[in-house]
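Below are two complexes that have subunit A in common, paired first with subunit B and then with subunit C.
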Partner chain A sequence: MIEVLTVGAQTTIQDQGRLGFLRYGVGCAGAMDAVALRCANIWLGNDENAAAIEIPSFPFKVRALADTHLAVSGADSDIRVDDIPFSPWGRLALKTGQTLHIGAPRRYSRCYLAVAGGWDVPLVLGSRSTQNRGSFGGLEGRGLSMGDRLRPISRPERSVPLPPDETWLGFVPPYLALPDAAVSQDGECTLRVLRAGEYGHFTEAAIAAFWQTPWKVTMQSNRAGYRLAGETLTFQKTVEMRSHGIVPGVVQVPPSGAPIIQLSDAHTAGGYPKIGTVIQADLWRIGQAPLGSVIRFVEVDYEQALQALEKIEHYLNALRLAVNDTWDAVSPKEQT
Partner chain B sequence: MLNDALRDVPHISLLGTTGILFEAPGLFDLETQRRIWSLAREAAGWEGIREAAPGMTTLLLTFSAPFREIDALKARLEQAWENAEPDHRQGKLVEVPVIYGGEYGPDLEAVAQAKGLDIDDVVDIHTAGVYPVFALGSHPGFGYLGALDPRIHMPRKKVPILRAEAGSVAIGGMQTGVSSTAGPSGWNIIGRTEKRLFDEQRDPPAMLEPGDTIRFTAQRVQK
Partner chain C sequence: MTTMEDLAEIKHLMMQASITKLTLTSPSLSLEIVTAAHEADPSLAASRGSNPGALSDAPSDSGPARADKQAQVRTVRSRHIGRFQHRYLTRKLPAIIPGMRIVRGEILGFIRDGMAMHPVHAESDGTITEILQSPDSVVGYGTALIAYRPCLP
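What follows is the complex of A and B.
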């Protein structure tokens, strides 16, 4: 069990999301960086959908009220156990009374704190994610606050064994392991996009600007959507759209001409023209793009979008193997 | 570029690798929507489809895993639409008691003024309507309703308010609706109901379903 000592706004419990309830108006919620969430769960031998704490504001600090196995993934943050610096992208054993401090990221924007077994909050409509609109799921449907206590779900018998307390494991983060279209040296994040329904409604100048000019992530960006600033995207003619279902990644262009990437906490339906959809394989990159950073879009086709997803699965498979091998190396086989 | 209403063939477009959007040709009316409900019911059972979520004469299909045969899926959708008969389900009538005006309906007076009506007229017109539920979407339990009397159509606000309380009954353009959860809104809020049309602990969580009808009743009018 842990107690929250220091916490900023919009720090919530998230799993991979509440899928399959769009027809009731319930959006998917879920981790903004699902790759980081899955990594942290793999390191702990958890189900990859186990709930973790998504941390978008810093510092975040907890105290262990019992010996606890944790993993931290996501942004490249200053992490300390008591006063000892600790590598991000790894798992660690926190002893009773020790504190874990996660400071402001040097790069990227969201950290995930997972626990062996997953954080124990109720399953609501098939998910433990915090649903912003409707205030349910997660911890009482709200963000974490100081003094909150969270306990892990008891680990099932057949889960991967945990390392001895002295062992920590670090891993190659996905932004190194999955470099294609990744964040470049100058801090720009390139996102792969498939054309969407109203692509042909835009002027040639708008299409050119969309692909070729930089887009700044404005301060009005959050889990619902990233509002971008840049060129004004103009339409050949305005068309009244009927309300229709949308998914995270859809890039809508309201009459103002400033695109919005719809994300985890977006409304389930929209009526603005859609120029494209950021492919599922790159949604985690948006989740790690800080406010004020620069985004670029590059076009891919459906086949390339599927291949990009496969690369993520290969990376996660390799992690699973590495975790099992490492355990075999540090510990004799348990006789059960 | 064709206007939606002028298209005579469906428009099918990808939403990345996670979904596909079907937009019905023709007029925006209840009869077309009834065919959308049929299409939704059928497509929901197709292999690889996680969910079929109707919009306003549109249908979103989401995938349970990346869908490889995307062209075959498009063709199947087109064929299924050809064969889709209107679904004449008899939904339930849901009565929504509303306290109109005052602190519960802060925009009622503005609607009345803009339309050259008395507050009581607006309430009478709003409660006289019987509104079919076309689809659910936007936010939890929210129903897209048809047929708001044109005399009380009212454009959305230029700047949305950050928080409309749960139970807000509002007019946005040519639509009216009830929000069962609190959240930002650009609609004109004319009243509030204590009736909740969404409960995440229930299965299904939404009280409304497409094919139902809503009738608003005036519990009282505050001036």
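What follows is the complex of A and C.
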């Protein structure tokens, strides 16, 4: 069990999302960086959909009220256990009374704190994710507050044990392991995009601007969507559409001409024309794009989108093998 | 914009003031400047008599009584097979340099084995005296990685 000592706004419990309820108007919610969430769960031997704490504001600090195995993934933050510095992207053991401090990221924007077994909050419509719009799921449907206590789901027959004497074990993060996921030296992030339904309704100048100019993530961005600033995208003629279903990744263009990328807490339907859709393999990278950062779009086709997804699965498979090696090295007597 | 000349000036001022570590942090930047203790002005280092870590690294002319108090240099050895990393993957600076104080449990470096990064922990409080392996060198079980002088109780 842990107690939250320091916490900022919008720190919530998230798993991979509440899928299958869009038709009822229930959004997906879920981790903005699902790859980081899955990594943290893999390191701990959890179900990859186990719930973790999504931390978008810093510092974040907890105290262990019992010996606990945790994992920190996502943004490149400074980690401290009590006053001893640790590195990000790893699993660690916290003993009763010790504190874990996660500082402001040097790069990227969200950290994930997972626990062996997953955080024990109620399943609502098949998910433990906090649904901010409906104020349900997660911990009482809200963000975490100072003094909140969270316990892991008990695993009496833990299938994958953790070495008892291990204090920290790190893993290579995806932004280093996946070359096409790297952010350029000047901090730009290039997102791969498929054309969407109303692509042909935009002027040639708008289409050229969409692909060729940089877009800044504005301060009017959150888990629901990232509103971008850049060239004004214009239509060949006024487009009026009925509201229709939308999913995370869709790039809508409202009449203002400033595109919006729909994200985890997006509405389930909308009527703005869609110029493109960020491929699923790159959604985690948007989730890690800080406010004020610059992104660019590059067009890919469906096959390339699937190949990008495969690369992520290969990376996760390599992580699983590495994790299994660490457990294989532990003798049965040492396993806890 | 901080230039190399600025850094040299900062280092000089730190040594004059006997400051061994300076950290500047902002949301988008983190700068840590660490000077080796043995580079510090010996007279200033000796004046910090209440600091056993500084005394243990004082020059040899600091007197026989002080020499008696110096702890033996110990080595931290690898417990894994892999490539020795002086710094974390996303960091530009090494985790440690000679002369740096360390605390028990601190991560001094890493052994990279494929996707896994095994930590090299400090076994006790002390001062780094030498890094024995070059960056990215292949090491095995028991390879001596880092020499350090433990703090005296």
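A few remarks follow.
Keep in mind that, in the parts below, the second predicted complex is superposed on the first by the 324 of 336 C-alpha atoms of A that agree within 3 Å, B and C clash if a C-alpha of one lies under 4 Å from a C-alpha of the other, contacts with A are read in each partner's own complex, and residues count from 1 in each chain.
The criterion applied here is as follows: a contact is a pair of C-beta atoms (placed from the backbone, for glycine too) under 8 Å apart; a residue touches a chain by one contact, two chains touch by 3 or more.
All values derive from a computational prediction rather than experimental measurement.
Once chain A of one complex is fitted onto chain A of the other, the partner contacts of A:G134 are limited to subunit B, with no touch recorded for subunit C. Touch criterion met: A:Q236 reaches subunit B, while subunit C stays clear of it. Of the two partners, subunit B and subunit C, it is B that touches more residues of subunit A. Using the contact criterion defined above for the overlaid structures, shared-chain residue A:A305 touches subunit B, although it does not reach subunit C. Using the contact criterion defined above for the overlaid structures, shared-chain residue A:T190 touches neither subunit B nor subunit C, since it reaches no partner.
Of the two partner chains placed around the shared chain by superposition, subunit C is the only one that A:A177 touches, whereas subunit B remains out of contact.
In the superposition on chain A, A:L22 contacts subunit B only, with no contact to subunit C.
In the superposed model, A:N324 makes contact with neither subunit B nor subunit C.
Shared contact residues on subunit A (touching subunit B in one structure, subunit C in the other): none found. Here subunit C touches subunit A in the complex through residues 25, 27-30, 88-90, 103, 105-107, 110, 112-119, 121, going by the rule given at the top.
Interface residues of subunit B, counted against subunit A in their complex, comprise 1, 3-4, 11, 13-19, 21, 23, 28, 40, 50-60, 62, 66, 68, 70, 135-142, 144, 181-183, 198, 200-201, 204-206.
Of all residues in subunit A, those touching subunit B in their complex are 19-27, 124-125, 131, 133-137, 194-197, 200-201, 236-237, 239-250, 267-269, 274, 277-281, 302, 305-306, 309. Residue ranges of subunit A in contact with subunit C, taken from their complex: 76, 78, 81, 83-90, 103-104, 106-107, 167-173, 176-177, 318-319, 321-323, 325-326.
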